[in-house]
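The same subunit A turns up in both complexes below, where it pairs with subunit B and then with subunit C.
The block that comes next holds the complex of A and B.
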């Protein structure tokens, strides 16, 4: 019977959100604001329900997820590997760190027209954009984490006869993991921003494109519904990622 | 939370051999060596662009990009674009900083504020707020108001959470002794909590500033209206790749300078704090 109080506590915690949604609904049903500007929650939900049953919606969702997932995967794998390599081999550090320092503060959204110029309006340009935009937070996290690996642990591993590779895999990579995963969370948030905005700006497919398309057509109920879907996707992706990261880092406790 | 760890970026600091050369010559020499990879990258760009393996449309030569920037500088386009982008990004950033610090303090000190805003912050932080752009345009129009609102909306979250963490981490002993000495609630806020929480708050601001630039450029690309993002988008539509690459350079310099300025400001403002004695690397 633990779920009862926990549910009540959760409900109490999220009550302000329910309150905001109610406020939204009342504002438009009592015509405090024009329904053209803020459609009532009920009509947003019903047009959202209609939208979810169309193939068009799932087609766009699928291509957004594919782009975001591929770009993020590349960013985490390559960015993480680069960060660890920078901490482990000095030559790589000397070559990469000035480049990281130059590219890190570049507002990543400026890459949207460049990637479109190189690869067009389709999937490849979005994947490249997300990869380039999300890589550096992972790299910096992995670098800091790997550099923070305790020197005594490395010495012990080496003196116990572990090869350099084994030491890297068994000591340095696990110590880099917490900060690498933290960087990857930043990358996840950034990937949603880049994905949605690049689809709004240069695309013929995807949820961002769908938002722009519905908005241009004046179909605001459906546009609000897609915006809510994107917001929910971003929120749940973050929560799922957190649960995953906690599982991966369970050994630390 | 969506943290871009400003304090974390590495920088090569080769161990100096103490030679006989005067310090500035040595540090200049090391500066050149440390930046060699960047120089090589730029030279490689020029060579590849000249060799004809890629079309000038895909990768114009560096010299032509710089010429373009020079002519935009003379014609006044560059200062106007950079100025507009900076104005919007900084206006949104300052609004988010003031409101975010105020809200964070209120949440850290008042249970009702905490109850009401905590779920909103924790749901609002991870959602891609840029998706709300068409709604903001619907409400606030196409001009600066909607752009600045969008920037503030995106940047306020890291400031609020950093402020709460900062206030919570103020040592209880400091608060107790201030109270014992008869500090008023107001004095507590201005003389104890804010200064003691400042290192964390500043970290939040350092996370927020690059987001302000990213979103600023995005709103200009999506909605037009001059600025670096707007002119890059126009150039891209007109297949003017020189304009696109010039824009990348301009915004890269702006981003770099802003991040450096924030780090300098941190060192200056937080000189009293031991944490800022460590070199800030980005």
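The block that comes next holds the complex of A and C.
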């Protein structure tokens, strides 16, 4: 549990956000910006309030979370395993390294039409896109972490009676974890980008779709509200992730 | 040359009856990915008796750690052979426990979990594993720190934990790679005394790598002095001190022995320095 002063310090830290919202409010109150460009914060909040009381909004949020969560989970599990395998077995490294190098700088949004072509407009194409797009930062983190596993730790495990396979699980995997988890945080941020952009382009559901749909219909108050929801979701996902990572790596403190 | 300095053939012969480890004409070459191959060990033969405490002494870079890693089975033997109890060393195993200079504790495991690790690899009942782990944690004086992570321990405590982890699986041979080299002088002295006490209580074959002459003379029954790279056995010195004597390190016999061995090592240390320049 957080103590009082720590909570106050946390509030203080996010003061600039409060300041930004205040600026937004004043911009529309004093007609500094046209409401056609930036609707007043109060109308955004009230249409946001209306929105969250509809089943449609939760349906869209649910399907976005499902797509993002599944894609990210696959990216972390498969990407992490690939990175560790590349560090541990030379043949896998020789086969995968050039593929990783070529694929890494590719803008993953370029895959949006391809995954839609393969798997259609539904969940599967988004999950595949997020998996492919988010995997490599995890793979590279896991690879670097696993290669950095200390030789004397591996030798210690072996001389304490661990098989090669056990040594991989008990020494190499935990050694890879700090950098793997760093890569996964990058992947988390990427997953939101890919999720929303793919849903805006090729989907009939999801928060990205909702933003596009509301914007096309001229319902800008509600559109801004959904953008705020996406921003808040991204922020909280990152916070939860950081707390999780800190818990997993608590031995480092 | 002093009569205690035996040539290596004679030393091998003297120990042969009770030999546990036989190193026969061992050479090792490092082949780095870039640069020229380096001959680290050149034609080393050495016999170590059961429950003997042997120090491998030499300047840094002389190949003494390489020799230890080959005994541990961590590096492949290319030229020559190493046998333990008549069996060729072909890989690491729990019969040869190792303690490293920088502890090599699993940083994500607590003291207890580190000490338990080797015990979990044996087919022992859980209760027995826990009992033995506690026994060795108590032995090295880490009671009360069972749930601490290595990052929360001092250097000396980390090495105590590593020693407990290795002793817990009851290896017949204890390989120690400059185990006290990373500790401050006071802690080092304390650990040396405790290691001797542990060894007296349950004697094991110990191969103790060090570049500290005083440490070698204080701990070992025999000191094998290695030459600068490529590592060869330059001399083997038998020691017969009463380690229970608290004033031992100040006695004339002890100081003279340290001086005598230091004379042997000094030339090699200078060569090793020149080799680096």
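Simple rule for what comes next: the second predicted complex is superposed on the first by the 243 of 253 C-alpha atoms of A that agree within 3 Å, B and C clash if a C-alpha of one lies under 4 Å from a C-alpha of the other, contacts with A are read in each partner's own complex, and residues count from 1 in each chain.
To be clear about the criterion, a residue touches a chain if its C-beta (ideal position, glycine included) is under 8 Å from a C-beta of that chain, and two chains touch if they have at least 3 such contacts.
Note that this is a predicted model, so its numbers are computed, not measured.
Engineer: Clash or fit: subunit B against subunit C, after overlaying the two structures on subunit A?
Structural biologist: Aligned through their shared chain, the two binders fit side by side on subunit A.
Engineer: Give one of first, second, both or neither to describe whether A:49 is in contact with subunit B, with subunit C, with both, or with none.
Structural biologist: Neither partner.
Engineer: Between subunit B and subunit C, whom does A:16 touch in the aligned arrangement: first, second, both, or neither?
Structural biologist: In the superposition, A:16 contacts subunit B only.
Engineer: Could you look at A:58 and tell me whether it touches subunit B, subunit C, both or neither (first, second, both, neither)?
Structural biologist: Neither subunit B nor subunit C is touched by A:58.
Engineer: With the two structures laid over each other on chain A, which partner does A:7 touch: subunit B (first), subunit C (second), both, or neither?
Structural biologist: neither
Engineer: With the two structures laid over each other on chain A, which partner does A:116 touch: subunit B (first), subunit C (second), both, or neither?
Structural biologist: A:116 contacts subunit B only, not subunit C.
Engineer: Which of the two partners, first being subunit B and second being subunit C, lies in contact with A:95: first, second, both, or neither?
Structural biologist: After superposing on A, A:95 lies in contact with subunit B but is clear of subunit C.
Engineer: In the overlay, answer first, second, both or neither for which of subunit B and subunit C A:244 touches.
Structural biologist: A:244 contacts neither subunit B nor subunit C.
Engineer: Using the touch criterion from the header, give the chain among subunit B and subunit C with more contacted residues in subunit A.
Structural biologist: When the residues of subunit A touched by each partner are counted, B comes out ahead.
Engineer: In the superposition described above, what is the shortest C-alpha distance between subunit B and subunit C in Å? Please give a whole number.
Structural biologist: 5
Engineer: Identify the overlap between the subunit B-contacting and the subunit C-contacting residues of subunit A.
Structural biologist: Residues common to the subunit A contacts of subunit C and of subunit B do not exist here, since the sets are disjoint.
Engineer: Of all residues in subunit B, which touch subunit A in the complex?
Structural biologist: Those residues of subunit B that touch subunit A are 1-5, 8-12, 14, 34-38, 41, 57-58, 115-120, 123, 126-135, 137-139, 210, 213-218, 221-222, 228-229, 232-233, 235-236, 241, 244-245, 247-248, 251-252, 254-256, 258-259, 281-282.
Engineer: Please name which positions on subunit A make contact with subunit C in the complex.
Structural biologist: Of all residues in subunit A, those touching subunit C are 150, 152-153, 155-162, 166, 170-171, 174, 177, 251-253.
Engineer: Under the definition above, what is the set of subunit A residues touching subunit B in their complex?
Structural biologist: It comes out as residues 13-17, 20, 37, 86, 93-114, 116-118, 137, 140-141, 143-144, 147, 179, 182-183, 185-186, 189-190, 192-193, 195-197, 200-202, 207-208, 211-212, 215, 220, 223-224, 227, 230-232, 234-235, 237-239.
Engineer: Under the stated contact criterion, what part of subunit C meets subunit A in this complex?
Structural biologist: On the subunit C side, the touching residues are 69, 72-74, 91-94, 96-98, 100, 102, 104, 106-109, 117-118, 121-122, 149, 151, 165-166, 169.
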